[in-house]
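Paired with subunit B in one complex and with subunit C in the other, subunit A is shared by the two complexes that follow.
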Partner chain A sequence: MVENRPFMTFITHLVLILGVMMIALPIWITLVAASHDEIRMLQAPIPMLPGTHFIDNLKQTLFGAGLSGDQTPVWRMLFNSLAMAMMISVGKIAISLISAFAIVYFKFPFRMGFFWMIFITLMLPVEVRILPTFEVVANLGLLNSYWGLSIPLIASATATFMFRQVFLTIPDEMLESARIDGAGPMRFFWDILLPLSRTNIAALFVILFIYGWNQYLWPLLITTDTDMTTIVMSIKQMLESAEQSPKWNIIMMTAFLAMLPPILVVVGMQKLFVQGLTETDK
Partner chain B sequence: MLKRVHFPSSPLPYLLVAPQIIITVVFFMWPASQALYQSLLIEDAFGLSTEFVWFENFAALAEDDQYLGTFWRTAIFSTLVAFLSMSVALILAGFADRVVKGATTYRTLLIWPYAVAPVLAGALWVFMFNPTLGIFPYFLDMIGIKWNHYLNGRQAMGLVIAAAAWKQVAYNFLFYLAAMQSIPRSIIEAAAIDGAGPIRRFWTQIMPLISPTTFFLIVINVVYAFFETFGIIHVVTQGGPANSTTILVYKVFNDGFVGLDLGGSAAQSVILMVIVIVMTVVQFRYVEKKVEY
Partner chain C sequence: MAEIKLENLTKSYGDTEVLHHIEGDIKDSEFVVIVGPSGCGKSTLLRMVAGLEIVTSGQISINGNVVNDLEPADRDIAMVFQNYALYPHMTVRDNMAYGLKIRKIPKDEIMRRVDEVADILEIRAYLDRKPRQLSGGQRQRVAMGRAIVREPSVFLFDEPLSNLDAKLRVQMRLEIRKLQKRLGVTSIYVTHDQVEAMTLGDRLMVLNGGYVEQFDTPIELYERPASLFVAGFIGSPAMNFVSADLANNVVTLANGAKLETGLKTSGKVTLGMRPEHMIPDESGAIKIEVDMLEQLGANTLVHGTLQGTDIPFVISLDGIQTIEIGATLSFHAPENALHLFNIETGIRLND
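Here is the complex of A and B:
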């Protein structure tokens, strides 16, 4: 702070606290709704203070029986989401690392051609070319599988770009000394490049995990088998079923469970998250 | 680009780029070229015959009032989302920048909506604004406003914009705060000694100094509003009532998967691709130049 103005300091904190409350309001209402029983959630106005049924609702939601019909239990959806998010993030990091390595450390014909091919993928979000991509996946027989959920989203220009940037900052002397000591390309990659880019990998992982977990349109199209439903896409079906049997306590508990893992990742690894966000987008 | 010291050519680099290239070709370039090709075809309603029609699909779109309406709606929607989320983020970051102790606590409390999936953001807002149960319609009713976004197109649009902007505040806040914290304190102190108050300093010093961030965020926010808000719209309004919240991405999905108009949907995809490419080029030109102080 430049000068001491007690009134301004008061205003500062007031505005920030109001901002935090405004941002947190939707999740507060979700938590409150998830902690009341079904009957209470049908009476307007809905409560603004937490109730006592949080644990009950949690059990009902996680292990089925919460919603009528043969709904997939929520633990299964959580597992599907986790599998998809892990495959997308690990896959993206792995293939981007090796292709950035090839482009920075090898001289070979079509090097720049490959670089531009990867770069083009950055320009086309999956929403834009959704129909033909769906046809490709269907023809390959990948519908309703973890591979179909993750592989089409795995190619990544941003990650390749970022690792290229990281590798370019590593001094040339590293490679020279490694070669004098007789290390081949893969040895150099494992023993020197990977350890040196450890924090970048971690930061990228945080961002990609959230990206993978939050996928919506893609899983919606390629999973017809209810066993493959991810938790994020289940919300839509639940809201639709709410028109007949509105179990808002269960729906909001599911919504809460769906956003909890990525929120924990952001809050728990805040430093890596901020680093990853600024590195990949700038 | 290439290291001065590097490995000699061998089959190894080809193996290393192969996974990425194969995925790029199979899931990106091939589908994109298919979209281009399909945009030049018209298929009859039963999928029995297709006809090559050159640019007829595009011509039809250019004359389709509904499509042009969607274009305008998308423009208004993304402008409002970007403006709303960026101005809230700017105000919050401006105050957070003044805090000496506890700045990180505020940051933690403000950034987490970034992790919420758009469709979940939509679900939370649609619950808060549920016409019979929601807490906001209850209060709005007290001041004489009847809320029903299932019937009222303007209210539906407002709700979608609010949900989309709410989710994006976190991202903008983070970038604005980082930009403000990187301004040297000595500049601000010099102005304070010359007698400029906090508000004057904000407008004449901080705002111009963070203009590169503002520009960067405009591009990012518009891209976000164009593409990533699909989930919000799908869960909150499904494009309704009476198409009042159908934006371009939603229409591509709706015409292709629900209406099964393959040629028309592909033509719309191609137009969207062009928009994305233009935005990406703008963004990268900016990265090259970095707006000067």
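Here is the complex of A and C:
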């Protein structure tokens, strides 16, 4: 819609600016709070302009013992979160690709039955099955390990379904052509199917990375060792564990660090992400 | 170089048989076109030869080897698909080289062959482009190139020209024909376009409803169609059909007109006459009431009905003709232009 009405232009800009401010303000406050020292953060009103202690806070947060002595440094938590998020997203994509490949390209008994079994797990997110899953993971001895953090979250009906749809849009002739060229099933998967789903894989990676990064309940449940704490968990714990008044500058710096990797992933993969969600041409 | 033998070939999907007892021998370096209306099973037949469809019963042999249970890659064939089926993420060069790479042919040999074929097809300039950067005609060439570099003993074409515009189609048709003659590779080509079939094929296999109606040279098909279906399918504009009575060498049309034939049998028949074989003749027995004219420049199509009936009749006259709508024209048909078919079975009554 192309219109030239100055008043409407003003209103639309106003609404947009208000919207941006509402979203950006908390992030701004986080950044500002992360750049002041502890004492300033306890005084009212809270500061609205950046202070000078950003680098100090960053060092103290990343390499110091976080808040108190019994806590792991934040770089360790960042690493834990990163490991968990990467294992979840890469694992989910790998498993979904393989199961979608099996469902679309192979004829075996109860093929649709298996597909629906996978599909039904959509109704069983980890929160619903948390007790039995915990039991299984505990019996396998996976508590306080990266495997325990990621494996129960890896199976993904959504991703399987999405790859199935992607594969279904690839013309049959592509498979036939590859067969005539002499490509076996795995060769076809590697040489044709994977490159053709590249953008979809990227889009899914972004979504799944954020999903994995933001996991809260599951890591909280299965990690008791503070060395395995993830960053999202730790923010909550920092608020609670502070018997004295909370150290807002450190907490906010941690929050800022927790936001950073998802932002980097989204910004870095933006182009592929949009292509993957919109492109239909194969 | 190969001969292909189809023996008693049948294809069923569940209980529905779609191809019935196909027989055919294809000679070395012959160009055979399988032609028929949509749904007649022509693509299925081609795909069975390619190994993309399972043979229900019967036998396909290439060069004397039964290939029924061989994977497509092991049949020494190459196929050109209707939508080209190029790999969109690979360059033209990689597309052409892919099959050779899988066959573990040395790199420099692959390069040499791809370059050679690219020269034949004049696609050398596009070798480093992706398929999406090419026009329809260029993609078509790449698809052909991919088949040629394999140096197979059989080419299979599945309506390769149907996505091109009319002018390009005529041009590519000639090129395919020249190329096939030059390479001398046995080829099977599927199309629903009878003009394409007539111009390309050494022999045509006309399929209808899963049955082979006739398998012969284009001229034979045109001059002596074995059935009503072939007669109506081959030739443009299509043959006129009139039901008639045959007795004592004379056919009597529905409006009482009588024509001489050399046929001894008698009974009800269907008489076929090609629009371009009708000779204007004042005293001719066939009288046509003109409804409409189609001026094509080189010839004029006269659409009308057989006088006294509402049986449609088309006549093709040379050059530009001016005829009044509603006029009655008389024509004479020479004896060899009369095609007589059994009215029930549609089989040609041999003369």
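Side notes on the structure shown:
In this text, the second predicted complex is superposed on the first by the 260 of 282 C-alpha atoms of A that agree within 3 Å, B and C clash if a C-alpha of one lies under 4 Å from a C-alpha of the other, contacts with A are read in each partner's own complex, and residues count from 1 in each chain.
Just so we're on the same page, contacts are C-beta pairs under 8 Å (C-beta built on N, C-alpha and C of every residue); 3 or more make two chains touch, one makes a residue touch a chain.
None of these values were measured; they are calculated from a predicted model.
The superposed arrangement places subunit B and subunit C next to each other on subunit A without a clash.
Between the Cα centres of subunit B and subunit C, as seen from that of subunit A, there is an angle of 90°, stated in steps of 10. By the touch criterion defined above, A:Thr278 reaches subunit B but does not reach subunit C. Contact with subunit C, but none with subunit B, is seen for A:Pro195 once the two complexes are overlaid on the shared chain. Taking subunit A as the reference chain, the count of touched residues is higher for B when subunit B and subunit C are set side by side. In the superposition on chain A, contact of A:Ile180 is made with subunit C only, not with subunit B. In the superposition on chain A, A:Lys107 makes contact with subunit B only, not with subunit C. Within the superposed three-chain model, A:Pro6 lies out of touch with both subunit B and subunit C [touch as defined at top]. When the shared chain is aligned, subunit B comes close enough to touch A:Ser96, but subunit C does not. Once you line the two complexes up on chain A, you'll see the smallest CA to CA distance from subunit B to subunit C is 7 Å. 176, 179, 281-282 are the residues of subunit A that lie in the contact sets of both subunit B and subunit C, per the superposition on chain A. In the complex of the two chains, the subunit A residues touching subunit C come out as 171, 173-174, 176-183, 187, 191-192, 195-196, 198, 281-282. Every residue of subunit B that touches subunit A in the complex is listed here, in rising order: 1-10, 12-14, 16-17, 19-21, 23-32, 34-35, 38, 88, 91-92, 95-96, 98-100, 106-121, 123-128, 132-135, 138, 166, 169-171, 174-175, 178, 185, 188-189, 192, 198, 201, 216, 220, 227, 230-231, 234-235, 249, 252-253, 256-257, 262, 265-266, 269, 272-273, 276-277, 280, 287. Contacts from subunit A toward subunit B in the complex involve residues 1-3, 5, 8-9, 11-13, 15-16, 19-20, 23-27, 29-30, 33, 41-42, 44-46, 48, 94-96, 98-99, 101-109, 111-112, 114, 117-118, 120-125, 127-133, 135-137, 151-152, 154-155, 160, 167-168, 172, 175-176, 179, 185-186, 210, 213-214, 216-217, 221, 232-233, 235-236, 239, 246, 248, 251-252, 255, 258-259, 262-263, 265-267, 270, 273-274, 277-278, 281-282.
Chain contact summary for the complex, subunit C toward subunit A: residues 50-52, 71-74, 77-79, 81-83, 85-89, 98-99, 102-103, 132, 150.
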